[in-house]
Amino acid sequence: MNASQLKLTMAFVAREMVASEPLLTKADQVIGDGDHGIGMERGFNAVIELLDDNYQAEDVSVLMKDIGTTMMSTMGGASGAIFGTLFRAGAKQIKGAQNLDTETFHHFLAAGLAGVYKRGGAKPGDKTMIDALVAAVDYSKDLSGALENNIEDIAVIAQQGLEATKDMIATTGKAKTLGERSLGHPDPGAISMALIIAFMSQHINQQVAVA
Amino acid sequence: MNASQLKLTMAFVAREMVASEPLLTKADQVIGDGDHGIGMERGFNAVIELLDDNYQAEDVSVLMKDIGTTMMSTMGGASGAIFGTLFRAGAKQIKGAQNLDTETFHHFLAAGLAGVYKRGGAKPGDKTMIDALVAAVDYSKDLSGALENNIEDIAVIAQQGLEATKDMIATTGKAKTLGERSLGHPDPGAISMALIIAFMSQHINQQVAVA
Amino acid sequence: MVNIRKPKKLINNRMDVAKEQFEGLIAANKNTLKALPKITAAIRNDMPAQKVAILTGGGSGHEPLFAGYVGQGLADAAALGDIFAAPAPNVILQTTEAIDTGKGVIYIYGNYAGDNMNFDIASELADDDDIKTHTIRVWDDVASAPLDKIEERRGVAGDLYVLKIAGAASEKYDDFDEIVAVTERARDNTRSIGVALSAGSVPQTNTFTFQLPDDEMEIGMGLHGEPGVSREKMQPADAVVDTLINHIIEDFKYQSGDEVCLLINNLGASTYMELLIASRRAHQKLEELGILVHDTLVGNYCTSQEMSGYSITLLKLDDEIKQLYNQPCNSFALRK
Amino acid sequence: MVNIRKPKKLINNRMDVAKEQFEGLIAANKNTLKALPKITAAIRNDMPAQKVAILTGGGSGHEPLFAGYVGQGLADAAALGDIFAAPAPNVILQTTEAIDTGKGVIYIYGNYAGDNMNFDIASELADDDDIKTHTIRVWDDVASAPLDKIEERRGVAGDLYVLKIAGAASEKYDDFDEIVAVTERARDNTRSIGVALSAGSVPQTNTFTFQLPDDEMEIGMGLHGEPGVSREKMQPADAVVDTLINHIIEDFKYQSGDEVCLLINNLGASTYMELLIASRRAHQKLEELGILVHDTLVGNYCTSQEMSGYSITLLKLDDEIKQLYNQPCNSFALRK
């Protein structure tokens, strides 16, 4: 998909993420401080504003970088830094890409993950958004071709990564002192990570169906 | 009754007033700030301490004055000033009295009432302890003889004065801004006033029964 | 009964709260305050040898009022009663004697029947001792009586401003009557009104002083739970602030260009967030009215235990009052 | 669900609370503070032309922290995020640029993942601009991790002491590293722990951050409702204070004769009465331990909305830190 198609997809993702605020809020109320939904709502509202009718990106990398910069500068909190870093570090890796195919998307996610590792120092198994992200990165490594052929599967795998956070004990962030009491509850940031890919998948598939 | 008999009576009154704290608290919660019971408890606990085994008063006036001084200096609040004034102004009027007969008690109450008028500026009908007190003063004016013959009737009349406060609108103190909403509720200070006389009556009658 | 919750507090014996909190205040301020023997009265450690003394006081339960305003440029002493109960005359008298330097003592306190009577008795006793006293009752709560009965109004957070001016004047001026005059003018220039969202409690009885439905607030609620002027459905903060300020400007004739001090006072359990949102609107509204804000205080200055809500106070300045307001002061709860 | 009440607050649009309260703070302090354009960051009006700058910040909702400590002898600026959310890197960067005088900027903030990451990004961006920065994370909450993992602990009310020392040092010393050294020593000498009786709420979601049964309290509760070390039945205040101080003295080796500053900090909705009763016992207990209290603060310094409860903080003094602590300071929430 090219930059203008991706713009429509990411605008859809943004609207759906804003609509997911109550779900994310509830999740962060259980094991965090309850502000994750509000933070994502604030960030993706800014993304909606960014991607207005006048917005045009040279390529998919610029689009993803602008989204990352917008999230990083409007959200604050752990997730502003983390998701901002994901998009910005991912975009840097795919600089100049005109087309977001599966390989490019994998490179985007993998570089984003590396950026998140570097920024926050958390590892897989620490019950963060990393657990959804790393699943998507690992799975997409061996795929190729158009993103519409693979995005649904990647979304399913990210969702499995999210589900796995229920069985993890938080070792970072505000859930840390909960210790074992965090068991059984999914990580809010991991929900966001899985949702972003799921909404991408949903929109891309709709476009395919329409076309 | 002489000073040592009155000492026993007033010690009984003090204990009963302390035990009446919950009742007085409830009444002040409805139309005041809820501290009248605590104030009376504090004052009469100090009276209990005053009237210990070593205490001996020269005459009934000294006894009543000491009670008034004790209440005035330990209670604070409106009722500390009012009941302290009642006992001290009343005692001053009956200076030197060895015996508290009905006339002496009337003079005590009447002078106490005058002191309360002067101190607080309230009038009968303002929904204060004055309404119970003034009833007792008016009624006892025409009585004479031993106090044990009359105290029960005086107590009944004071109780009627108290009951009448239910039909009054508060114009002073913390109940003032309640206005009409104070209707239907008795004045807490009036309850205390009626109780003091009622407990005197109860003790004096018990003594008579025993004798 | 709308609300059957009990107050939840960290205290020891419920009968000792006033005494223990007083001890805690003295312990926290041992460099500046001392307690008088056996009574709950605090006086300045640095009391000058010669000055007209300022004595404040009242019932406990409104902390940091009153003892929190004892210090240089404010009150010289505070005589305290039990929770919501005026101090007894002997407490006031003993405090009066401790701070009189021969130049007399000015009593400044909130206008309540209990305080009036106990301070009056103390003042008569002081007179017996040849100590000159003068009484200034603070009656700033516009919700508590009409303007033509101003001397029936309650004293609330405005106490703070009156003490600030009295304290400064008593440092600057030597003449008793001059201090009284400007302090009374400051009192006459002070107006307050509050809004309550939930009740405070009397610790000794472990009960709230009133009940409010979860969706209602009361405009004009008193510091002891005395009823206000209206009970209303909850509204946005800006509308509530406008209502409060409207009550004040209907009561006191401000001219465009007038200067005021503004106090947004926490009645107890409101958050700083709410107080600051009120500050924002109050400044906007006063600007619309052409009233200039010289200084703003926002915080817990005169509370009613865990009552949730706030009060707004305006002190209208003139040249002299402004100069006195600007003088430094140093106490537990107010430093300038 | 123990408690199905909803928070009851005077606000306007729930998404605007952080912005509106910030505007209210600036309005109330226009003589001493100014806002940077378009962001929620406050800087001193009287910023000296030449000094190592102190920048603090963090999520809103803990008022008067952080902007309440911007002023002479304290922080030079505060960068603020939304409620309980660290400020974004560009907010921090813009603030950094505004206060850098060429001598560099020291970041001081509570140790939370979100703050760490956002401040770190800002510091990298500042480095791109050739602005020197150094980061000091405050980790005073002994309840949040064992001593051997002190760098995982949360920052709570101890921020205040670290800012006080940094602000004084940055006025007194010219050398960046000298200021960093004494500030880090003050940080290392600071210990806190809190007790919560009821929860604060996140205004935007209108819900409490946790639930506590009416007869229970939680020792070690965090400022955002993070779980503490133990949930216990309510106890007398003196026992609770002893528990809190015991946690601190098990963590930090005080010697008899050591001098400390003591902070009894309201987490939000506790009454001054409770804070002062805690002050009383804390002084008694420290005296029993032979620890000397140089200065005591009691009040709302670092809150968690309407959370009821308080925290106790001790700053162990040495000669240099004591001297710096005694220097004057002037901000909305702290004046000395």
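For clarity, chains are labelled A, B, C and D in written order, and residue numbers in each chain start from 1.
We adopt the following convention: a residue touches a chain if its C-beta (ideal position, glycine included) is under 8 Å from a C-beta of that chain, and two chains touch if they have at least 3 such contacts.
No experiment lies behind these values; they were computed from the predicted model shown.
S.K.: On the document's contact criterion, could you list the chains that touch chain A and likewise touch chain C?
M.R.: For chain A paired with chain C, the chains in contact with each are D, in label order.
S.K.: What is the chain whose Cα centroid lies farthest from the Cα centroid of chain C?
M.R.: A
S.K.: Counting in whole Å, what is the centre-to-centre distance of chain B and chain D, each centre being its mean C-alpha position?
M.R.: Between these chains, centre-to-centre, one finds 54 Å.
S.K.: Can you give the whole-Å distance between the Cα centres of chain C and chain D?
M.R.: Going by mean C-alpha positions, chain C sits 28 Å from chain D.
S.K.: Roughly how many whole angstrom separate the Cα centroids of chain A and chain B?
M.R.: 77
S.K.: I'd like to verify one number: the distance from the centre of chain A to the centre of chain D, where each centre is the average of its C-alpha atoms, in whole angstrom.
M.R.: 32
S.K.: Among line, ring, star, complete and other, which one matches the pattern of chain touches?
M.R.: Line.
S.K.: Every pair of chains that touch: which are they?
M.R.: A-D, B-C, C-D
S.K.: For chain C, which residues are in contact with chain B within the complex?
M.R.: Going by the criterion above, the answer is residues 15, 59, 81-91, 112-114, 117-118, 120-121, 143-145, 152, 202, 204-205, 207, 209, 222, 224-228.
S.K.: Tell me, which parts of chain D touch chain C in their complex?
M.R.: Going by the criterion above, the answer is residues 5-6, 8-13, 17, 20-25, 27-29, 31, 60-61, 63-64, 195, 197-198, 200, 203, 214, 217, 234, 236-238, 240, 262, 264, 268-281, 283-284, 295-300, 303, 305-306, 308-310, 332-333, 335-336.
S.K.: Looking at the complex, which residues from chain B come into contact with chain C?
M.R.: 25, 29, 32-35, 37-39, 42, 72-82, 84-85, 119-120, 172-174, 176-179, 181
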